[in-house]
Amino acid sequence: MIKAGIYGASGYMGSEALRVLLKHPGVSVEWATSRSDTPIEHYHKNFYGRGVRFVKPSEAAPCDVVFFALPTGLTAEHCRPFLNGGSKVIDFGADFRLNDKSEWESVYKKSHADWASAQEAVYGVCELHRDEIAKARIIANPGCFSSSSILALAPLISENLIDLDKIIVDGLSGTVGAGDDLDLALHHPEIDNNILPYNVVDHRHSYEIEQELSLLAENKVTINFSSCYVPISRGILTINHCFPVRNAERGDILGLYKDFYRDEFFVKVIDIPKDENASWNYLPYPWVAAVSATNFCHIGLDVDEKRNRIVVYSVLDSIGKGGALVGIQNMNIMFGLDEKTGLDFFGIHPY
Amino acid sequence: MIKAGIYGASGYMGSEALRVLLKHPGVSVEWATSRSDTPIEHYHKNFYGRGVRFVKPSEAAPCDVVFFALPTGLTAEHCRPFLNGGSKVIDFGADFRLNDKSEWESVYKKSHADWASAQEAVYGVCELHRDEIAKARIIANPGCFSSSSILALAPLISENLIDLDKIIVDGLSGTVGAGDDLDLALHHPEIDNNILPYNVVDHRHSYEIEQELSLLAENKVTINFSSCYVPISRGILTINHCFPVRNAERGDILGLYKDFYRDEFFVKVIDIPKDENASWNYLPYPWVAAVSATNFCHIGLDVDEKRNRIVVYSVLDSIGKGGALVGIQNMNIMFGLDEKTGLDFFGIHPY
Amino acid sequence: MIKAGIYGASGYMGSEALRVLLKHPGVSVEWATSRSDTPIEHYHKNFYGRGVRFVKPSEAAPCDVVFFALPTGLTAEHCRPFLNGGSKVIDFGADFRLNDKSEWESVYKKSHADWASAQEAVYGVCELHRDEIAKARIIANPGCFSSSSILALAPLISENLIDLDKIIVDGLSGTVGAGDDLDLALHHPEIDNNILPYNVVDHRHSYEIEQELSLLAENKVTINFSSCYVPISRGILTINHCFPVRNAERGDILGLYKDFYRDEFFVKVIDIPKDENASWNYLPYPWVAAVSATNFCHIGLDVDEKRNRIVVYSVLDSIGKGGALVGIQNMNIMFGLDEKTGLDFFGIHPY
Amino acid sequence: MIKAGIYGASGYMGSEALRVLLKHPGVSVEWATSRSDTPIEHYHKNFYGRGVRFVKPSEAAPCDVVFFALPTGLTAEHCRPFLNGGSKVIDFGADFRLNDKSEWESVYKKSHADWASAQEAVYGVCELHRDEIAKARIIANPGCFSSSSILALAPLISENLIDLDKIIVDGLSGTVGAGDDLDLALHHPEIDNNILPYNVVDHRHSYEIEQELSLLAENKVTINFSSCYVPISRGILTINHCFPVRNAERGDILGLYKDFYRDEFFVKVIDIPKDENASWNYLPYPWVAAVSATNFCHIGLDVDEKRNRIVVYSVLDSIGKGGALVGIQNMNIMFGLDEKTGLDFFGIHPY
């Protein structure tokens, strides 16, 4: 059994990891921390009466793997003793995601406390970096928008099919993505009938998407990313728009995606119906509700052959495949387990 | 392995059973039926790309247990060949819930096709009828409001603490409870900012609640029940108001509930905070979100000692503990498995 | 033109009064206060670019009428100079609602700063106290649940038709009712798929409902009230359950309500369809969405003749007919205007 | 008084026109039609008890202006007798929006019944075509996405600032935009926690946006448009992405917009805060909730100077400024009224 700890489990991301790890057949959860005295079942009522307890951070000892779910900068401050104690580290935050220190410090507006760990870390998109993850000691779990957009664009980028300077991505996020810090914009009366644009240019996730896709392209990729919160709790949709640099036919592009993800259990390519007049009833589309609370990413696409544009839709859960659960997939790979272990449950319908 | 079939899996209830049975360690799902040619993954996008298939009803053969998820009256029409073929039957519908044929026909406004099965059936509230369920061949799975309200009121009834003529129950339901038949009232623009009263008196579930609680009371119990849809997808809250017939103190009543459900894994009694000025932050309340997509029922209560009223809140998921999942709990009991098998996963937070 | 001021307009209640008063043909808004330097159009984006400005409380001078939208206790502290300056006062808060000082201080857990004003104030349910309101200098605007429940029960109480000890009221509220103080329970991810019970017994509004209905009954009335937040922004539904003390037939009770409110423009009695099998499509029910952002109250009822219960549904907007807008109706009456003035706009569909 | 008729008022668009016209100080509503016998107050409960009645289409006689709210193609079939009877016509549908008949018939997949009317019609974006509207007899009211996107892009287009081949627009719509035809995708349990992509390329509104912006550019403009439904009832957000063809600084672009819309009452330009770390609390953003049920359009923008992209956010209500209410603004212009008449009410907060 892999002995696992969760450093920071009072928030949404840490508790999502805890929920799934507690039922993972190859894992024993040794501890989950909170600085507060409030019982876990008051924070996370899904644990009510189930005997789950927080420990204080001071009681957290190194074990086989430690998941960090902390505000930006704090994993870098706190992970070293665990690494020294022999733990592998999976960071749900942004501390280890960028390869360039000055860029990181500019984007996150603070100095970095442990750049050696950042340099050692592997960026945890399993579908692109499986071999390095298997050998890694430190995983930089990707940002939620980043996972969605990287998986959406990787096939096109890998085939040099699109204009790398003119990629537009709109990211729509459920409010779980904002975490549990209170803010008037997330106060229910304000957002219930609303859509909230935020970080409308130069979003932090742009940098890691650009970094990863540039590596794949062996060329500089520019991501023009904007984000909104929509009034759902879970789930992310990125809408990825690209201009093809050579003739692009719908059937070929769809075939490329099906090939690219043929062997990937957690990425499903959906053939969006072509006839715009068809009822939605019983037709396949990538729906965030279908992947909420799971480790799946559903991708669908279409090509406007008249206007020469490719649009790729990619849905996942910001704390599922876009967060805690892909962290567990990374753990499975790092420890040599079948990567589906503990993660192959179905989504929920209706969500 | 228990060989199971699901007769009627295109709707929400049948697909919920399928979702959980496919991961149940003691079950092999032999078939799930739909009359339509539409693939299951178009109805239920949570199954997308997972290799799950419908069969036609004509291909459904008897197996160890068959779950029926059909409109009222159709299980009675279709279950007999399966019973004759040696199958146990669990009906998610209302066909076998009432003990009095003329009452059934009056409430459901049709004649009953198989009253012998109704007479044989055991009403499937596990916490009250565990021994009979263990020996049963046919289970009448309770209505969603019924499960919530019966579990909420059973401790008070069993102790003869309340006025049996003056029980008031308000039931609030998520829209999954309405099924997938289209209706303007469930059309998103109509209900998104709305609360929909319906069946405001003489709700069909009243009869089964009265029947079961009268048996428990050894006396006639009257349930004054009203229902509303609220704009959430999953989950039910019943608010059960009672007038105590002798002195009722909060601590005693809470103690009674904790005792009554001490050994029940799926029913948790929550000690609602007494101080009305306390922030809700991090305080225990029965929340439907905490039990959505699970087999749990959370119960909380308070006593207005000044005005002499007991109020009991009971939350569960209408197609979870109030439907498909309690059906699986019943199956576990019928086949001698630990009743938690396949059902002990955690709820989701945030839902 | 009536010169009006709004003391406290950064919150939801004060801004709702401002929204409607700015278009009221008989009113000139002299000022609206906020202690903050934030422009009103950042708080309330519906005023964006419309030239509306806050003033500091210190700049607020007496005028013909002042609406107070302050936390409990603060109107009593601040209203006296305005009264002395010749202003009439309408308090949206609870400061002047109760007739018994020791009860007020016990319920609100503080000492009262100006009981003389409380004694002078008229409780502002227009339909019951129109004549006193016309002569009043101070109005205690009713609580939102209180308005809904008092209007629902007044006809039955006035005819001595029900058991005064056994009235049960469930109140469901949109989240606007919680105001704009941030609280984790109102954080969008927590409540989006949830129902939040709170103040489950001994709710503060119970006391004013009991006070008003006892006056009407000339007898002590007990209100057993419980409340929940549901995930809509605006609107309140109270479900009022009563046990008739003599034979009650549906047609008679409905006729009583239609008579009682025959001349009331803002209270509409809806004849809920009797056939429980009818589709909801195009059928009349009291729907909160229909009265949101208006001064209307819609009431519907049914009688369970078999079990001997009357249930009355009453919907209004917590900051409309249950708050700021009934305050404007009170103002119209106080100043001798047609009480519909500025308030006779239609609700919005779909809301 | 302008005598107005509404041809087709059982749907959301026609009833929204009716709601506002009934309170318009310069209008007398002569009739509003429905083919059904169902009373209007059962369709639109906001009219409950207000004495509003449908007439049959056969009873509709010509008057000064007739608003048509019909499925595509039917205005062309039904408007001629009203034109001949001296009525001006405002079509909320798509019948008269395109200038090219073969394009119309290809896009809408039917033959056009009255192309002479289409040729005569003026495209009703008031801010661009005010003079022609003043002289028009027939108005083609723009599509909801079209109004939002045209208003968002017109300043950039008019200054030749952007690459006309590479404009990307994501349109997010509340479900009112789908009308009242029932569809499983709009059934509440399906969409409540979901985002629904649809018409992912070659959306019908693309054609009218391209037509109008090409006229403005005096050059061919290509609009790459994709749309989603999000689970709100009212409101549209378009996110308009452009690549500048010469140096674009944020301050200049914002200044351009403020100048362009300086004299427009119904279009407000919002200066989105630049600091991405600022809390959303009390900061200006274009929010759909702020313009829901109004005739306002709020526009905000930002420039990614590092990556050379302009993004323009534009919010309006699909049946307000994007539908029925801009139709009334058009009517005001056609009849020489101040165009704000009957439309200058405030939005609602919280919506």
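For reference, chains read A, B, C and D in written order, and residue numbers begin at 1 within each chain.
In the analysis below, a contact is a pair of C-beta atoms (placed from the backbone, for glycine too) under 8 Å apart; a residue touches a chain by one contact, two chains touch by 3 or more.
Since the model is a prediction, treat every value here as computed from it, not as a measurement.
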If you check the contacts of chain A and chain B, which chains show up for both?
-> C, D
Give the chain pair, either A-C or A-D, that is connected by more C-beta contacts.
-> A-D
So which pair out of C-D, B-D or B-C basically repeats A-B, with more than half the contacts the same?
-> C-D
Give the label of the chain whose average Cα location is farthest from that of chain C.
-> A
In whole angstrom, the CA-centroid distance of chain A from chain C equals 45
How big is the gap, in whole Å, between where the Cα atoms of chain A centre and where those of chain D centre?
-> 36
Touching two or more other chains in chain A are residues 12, 174, 176, 183-184, 189, 192-193, 231-234, 282, 285, 287, 289, 350-351
Show which residues of chain A lie in contact with chain B when the two form their complex.
-> 12, 15-16, 19, 22-23, 36, 38, 41-50, 176, 192-193, 233-234, 268, 270, 282-285, 287, 289-291, 293-294, 298, 344-351
Per the touch rule above, chain A residues touching chain D in the complex are 109, 166, 168, 170, 172, 174, 183-185, 189-190, 192-203, 222-224, 226, 228, 230-235, 237, 239, 241, 243, 272, 276-277, 279-282, 285-289, 292, 300, 302-304, 306-307, 309, 311, 313, 315, 350-351
Of all residues in chain D, those that touch chain B in their complex | 12, 174-176, 178, 180, 182-184, 186-189, 191-193, 231-234
